[in-house]
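Below you'll find a set of structures to go through.
Look at the two complexes coming up: chain A is in both, with chain B in one and chain C in the other.
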Partner chain A sequence: MARIELKDVSHSFEIAEGKEKLEWAVKDMNIAWEDGTANALLGPSGCGKTTMLNIISGLLTPSEGKIYIDGKDVTELSPQERHIAQVFQFPVIYDSMNVYNNLAFPLVNANFPKSKIKAKVEKVAEILGLVDCLDFPSSKLNSAEKQKVSLGRGIVRDDTVGILLDEPLTVIDPKMRGELRRQLKIVQKELNITAIYVTHDQHEALTFAEKVAIVKDGRLVQVGSPHDLYNDSASVFVGYFIGSPGMNILDGKLNESTLNLNGFNIELSKDFRKKIKSKIGEYQLGIRPEAIITSREKTTGTIPFEVAIVENMGSYKILTLIKNNKGDRNLRIKSRIDIHMSVSKGETVYLKFPEEDIKIFKDNHRIY
Partner chain B sequence: MKNRAWYFVMPMIILMSIGAFLPLMVVVNYSQHYIFAGSAATFVGLENFVEVLHDPQFRGAVGRQFLFTFMVLVIEISLGIMIALALPKKGFWVTPCLVLLGIPLLIPYNVVGIIWRLFTQSDIGVIPKIFEFFGGYYNVALDSFDAASTILLLDVWHWTPLVVLLVYAGLQSIPDAYYQAAAIDGANSLRTFRFVTLPKLRSVLTLGILLRLMDSFKIYSEPLLLTGGGPGTATTYLSLFVARKAESYELGYASAASLIYFFIVLVMSYIAFQIITRIGKGGKTE
Partner chain C sequence: MSIRIKNVNKSFGKHLVLDNISLEFKDGDFVSFLAPTGSGKTTLLRVIAGLEKPDKGQGRVFYDDVDVTNISVRERNIAMVYQDFINYPSMTVYENIASPLKVSKNKMSAKEIDKKVREVAELLSLSDMLKHYPSETSGGQQQRIAISRALVKDTKYIFLDEPLANLDYKLREELRGQLKETFSYNKKGIIIYATADPLDALILSSHVGFLHHGKILQYDILDKIYNYPQYIEVASYFSNPTMNFLEVNLVKENNDYFLKVTEEIKIKVDNKLKDKLNKKEYLLGIRAQVISPYRQTKNDIIIKGIIELVEVVGSDTELHFRYEDFHLLSLSQKIENYQIGNTIDIFVDPSKFYIFDKDTKRLVCRMEGEK
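And then the complex of A and B:
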């Protein structure tokens, strides 16, 4: 178990290909994962998450920067010398072997004595709930069990310092996904192992990790607990990326006490204006769909919107609302309403934006 | 006919029965008779079969055939895998390599026979000259070993590329994650090959082995052109043996021999298929 740290790590695939113009898959990455913690790397597809994982595991040597495990520089070490286990997007099992031999594979490669292998494999099988299928041909397992086997090969070694999970639930049968996710979390806690979970699914990241790092275009955008990322999104990107649907972002102009949002105005209180130390100028307003109060009755301070789409999500509904403004694009906003509230397309609803839930951004960065 | 699909397969069924099934039935009919020159036929029951199975010449041909097929499989499959592994995975050289490898596959069997006849011609051929240069002796017309090994070499030259292409395609389809996992698990290159590459090549190798098995049993035009089955009977494989008998108008005997020959290929293919699909499925603990 160990602390894993990336220092000034950058990587470009073009360097190896000898191209002049460089595109950075990962750029200036500085981050540390503390011993025994559950972490997540969250970002849209193609943001460099997997490249980061491969750099940590040693499958890829970064163009620049260093990787430290417990303060020791491991940049030049091979994957097995780093003792980092990796679980891949789709379950990697050796399908010519049974479950037992799969789990024993890393130990056999390291020439462990047979009796010790047996004890270790049985212990891991117990943790993962695979005891009953040790003699199964591994090709007969379902996808969740296969993924457990590939996790098992990672934790069967004593010297495993950390485990990297690269979108491990993507190809798992949806019915088993939840259970496997919980089990991954339990294994992480029980073994007190440093885990880094890579995903583009915020739900997975936020439920698994205590610390989530959001990556965009190869750069770190924000690091924090799930709570912080949701409530204190540092940028427009994080605000939009976390939450389903993401935060509504509206461009606006502040003059004196009103925020003009290209189609409607919001009056801001004196306290609020003091807090944002606002000057007249351009801002972005952010508000989460679930914070907007949607009503069918018109009251003071509410703003009329037309319902464009109603999505029934089972326990709540998501409305996509539009408002004609004089510009060429309609103002679009999403709000979440109670499942029992009946609203239909084309209807007009009245929105209220509670001031305490309003976030203000300037040039994509949060200022309040 | 309730199922309309039958209408669509009907032309093929008709074609197959004209092209394959009817002739086969004729052969079955012939095999029960003693026929000379197709004029007079006497029913003899299974006598032809008994005679064929007791014929030392037939037994010799079977033995030769098995040895040849065994060598073909061992050499072509292992060489094919080795070459496929050595080929570049991407970049400029992929296309030239694949095209060069594909060339032998494009040459018709009889042309291959003629090309190799020129190679091995004792007065002008390249191969005898090379042997001569090193003070050796090589003559496909006189030396049984030279003839048999030349046919084998020819077949390897002609058909290994097929195995290479199959295996190469199989290799391309193995996701990188498997090799990465094996690297993380600390497997050396031999174990990586044994537990990652080989199991993943199972289906293409099954295809390759079956194709080469059945095809090598049918080898005919190459030895016919190169050695004519000789010297003596050194390169008289099963098909050549049957053809010889048919050419000498021993139609009943030849028919019986072909049916036995057909049966051997069928059984061999079945056994090979069963073995390949069963081994290494994993279930035993090491």
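And then the complex of A and C:
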């Protein structure tokens, strides 16, 4: 098991083409994944996360920078020499073999003695809950079981130092995804193996990982625990991307004590203004749907909004609210309300934005 | 207007996929067929739409009381949206949305077509994308184009086969809300929606049918099926996240009856409830929402849970914990930061329990009774 580190890693596919002005698929990556931790690389498609994955596994040598495993420079080593297992979107297994032989395959190839192979395969099958289907032909397995066999083949060797999971739940039935994801996490904990889970799906990243790295346009945007990313979103992008629904972001102009939000105003306290250290200028206000206080009663300082959509989520309701701005584009925000509060489309509700939950961004970056 | 199906069977080879299904839908219904993959929901949708024929025999499909069983899908004037985003790659978004109007029997003028296309594009936030080609748009936009083509058509029957399944979490969340808004603008017609995602069914539907091995296990209005799931299978699947189940015994101590979970947890059974319980063993169903790290009511049961797994889901946290021999799931409506292995107090609201018969798997009653 191991600590995996990228140091000053950049990659451009255009260097090989000899172009002068380069587009960087990955730029200035500095990140370390500690021994035995569950991690995620999260970003929209095309953000460079697959390039990072290939750089870690050794399928791609970066244009610049180094990769270290436990402090040892492995930049020039082949994938085989790095001993990092990989699980792909589609299960990679031999349909013609039974489960046992699939799991044993990497060990047979490495000429392990039969008794050792048997002990190892049985242990892995036990961890993955595949004991009862060791004799099954692989073609008879469902997609989740197949994916477990793929993973099993990756972790069956003792010299595996880490595991890369590349969108491993893509072909799994939605209801089974949660179960398989939990099993992956339990296996990761049990083996105390360094795991990096690559996905564009925030749900999968946040449920799997204790540390999530958000990647956008080939750069690290923010790295942190799900809790940190949610509470201390460093940018508008992270604020929206983390949390469901994401953070509401409203453009505003600060004028002394008043934040003018294109249709309504919020008065800011002296304290708050001191903290953001500014008197006038253009800002973005961020507030999470669950922080907004929604009421049917009008009280001082509340702002009326019209209910456009009510979504019952089982534990609470999510309201999509509209403020009609004559001429201008309508303002839309979301708020979370108690499941027992009854509101319908077309009604007016009154919102309060508690000051302690307000985040302030400038040019998409959090300043308070 | 209505759709009615009667005694529909459908087999592929020897495999019976739909087993004697009869249902009726009315104007304004948004019907979800909810089931895991392989339960027959897509086949049922396709049989109703006319893309598949029921097995020969007594199976019948009626639109507005007219038997359409043998009428081809082309003549039924329906719209269908598939799981894969199916668009014409060589046409712009505008041309894609306009295409059903151009082939329609009721010839429309170019001006009328333009008006309709722009209306629908506005509804699905595609107005800025009209000149682009589908390949230049995101997955969510591609599916919105496909949905626009269904909406632009002047039809009363719209069928959607897992339209959000291929989208990632964030896009699914956005488009689900948009579908809700779109369909609430126009309540006319019948919409049938096949899905494996309980949240889709919960947010979008007026009625839900739960399929199990090719049979409709329960069909009800949304509120009824969600709050009174008649079978363990329905309760377990139509919960988000999944429901906890605990084996309990009905015991008598002194002169009182209790449902005994452990020595520590015995839930008193009042006389009214006792009348419904005449067996020894039951299964308690408890939704994760009523198991919480925070107090919910003054009657909460408090237990010590050892945290086994912490999963941040959207803006909530699913806490998997162990209590004695039980592995339980609690849902906290916050982002939590618990350490695995720690012991914490967990609060359970017993009034929200479901009691199921262990043998028949049917709902006996809810703890707090009928509302």
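FYI, the second predicted complex is superposed on the first by the 357 of 368 C-alpha atoms of A that agree within 3 Å, B and C clash if a C-alpha of one lies under 4 Å from a C-alpha of the other, contacts with A are read in each partner's own complex, and residues count from 1 in each chain.
As a working rule, contacts are C-beta pairs under 8 Å (C-beta built on N, C-alpha and C of every residue); 3 or more make two chains touch, one makes a residue touch a chain.
In this text the structure is predicted, and so the values were computed from the model without any measurement.
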Exercise for the section: Superpose on chain A as described above, then tell me if chain B and chain C fit or clash. Expected result: fit
Handout entry: Following superposition on chain A: angle at chain A, chain B versus chain C, Cα, nearest 10°
Key = 70
Problem - chain B versus chain C as contact partner of A:Glu290, first or second or both or neither - result: second
Exercise for the section: Could you say whether A:Lys185 touches chain B, chain C, both of them, or neither, answering first, second, both or neither? Expected result: second
Problem - First (chain B), second (chain C), both or neither touched by A:Pro113 - result: neither
Practice task
Check whether A:Tyr100 is in contact with chain B, with chain C, with both or with neither, and answer first, second, both or neither.
Solution key: first
Practice task
Go through the superposed model and pick first if A:Gly71 touches only chain B, second if only chain C, both, or neither.
Solution key: neither
Exercise for the section: May I ask you to decide whether A:Gly346 touches chain B, chain C, both, or neither, giving the answer as first, second, both or neither? Expected result: neither
Exercise for the section: After superposing the two complexes, find the smallest distance in angstrom between C-alpha atoms of chain B and C-alpha atoms of chain C. Expected result: 7
Problem - chain B/chain C common contact set on chain A - result: none
Fill in the blank from the handout: chain C contacts chain A in the complex at 36-37, 165, 168-170, 173, 176-177, 180-181, 184, 196-199, 202-203, 226, 237, 239-242, 287, 289, 309, 311-316, 318, 320, 331, 333-337, 340
Completion exercise
The answer for chain A against chain C in the complex is residues 173-176, 178, 182, 185-186, 189, 200-204, 206-207, 225-227, 230-231, 241, 243-246, 288-290, 308-309, 311-316, 318, 320, 336, 345
Completion exercise
The residues of chain B that touch chain A in their complex are 175, 177-178, 180-181, 183-188, 191, 195-196, 198-199, 280-286
Completion exercise
chain A residues touching chain B in their complex are 54, 57, 59, 78-80, 84-86, 88-90, 92, 94-98, 100-101, 104-106, 108-110, 134-139, 150, 153-154
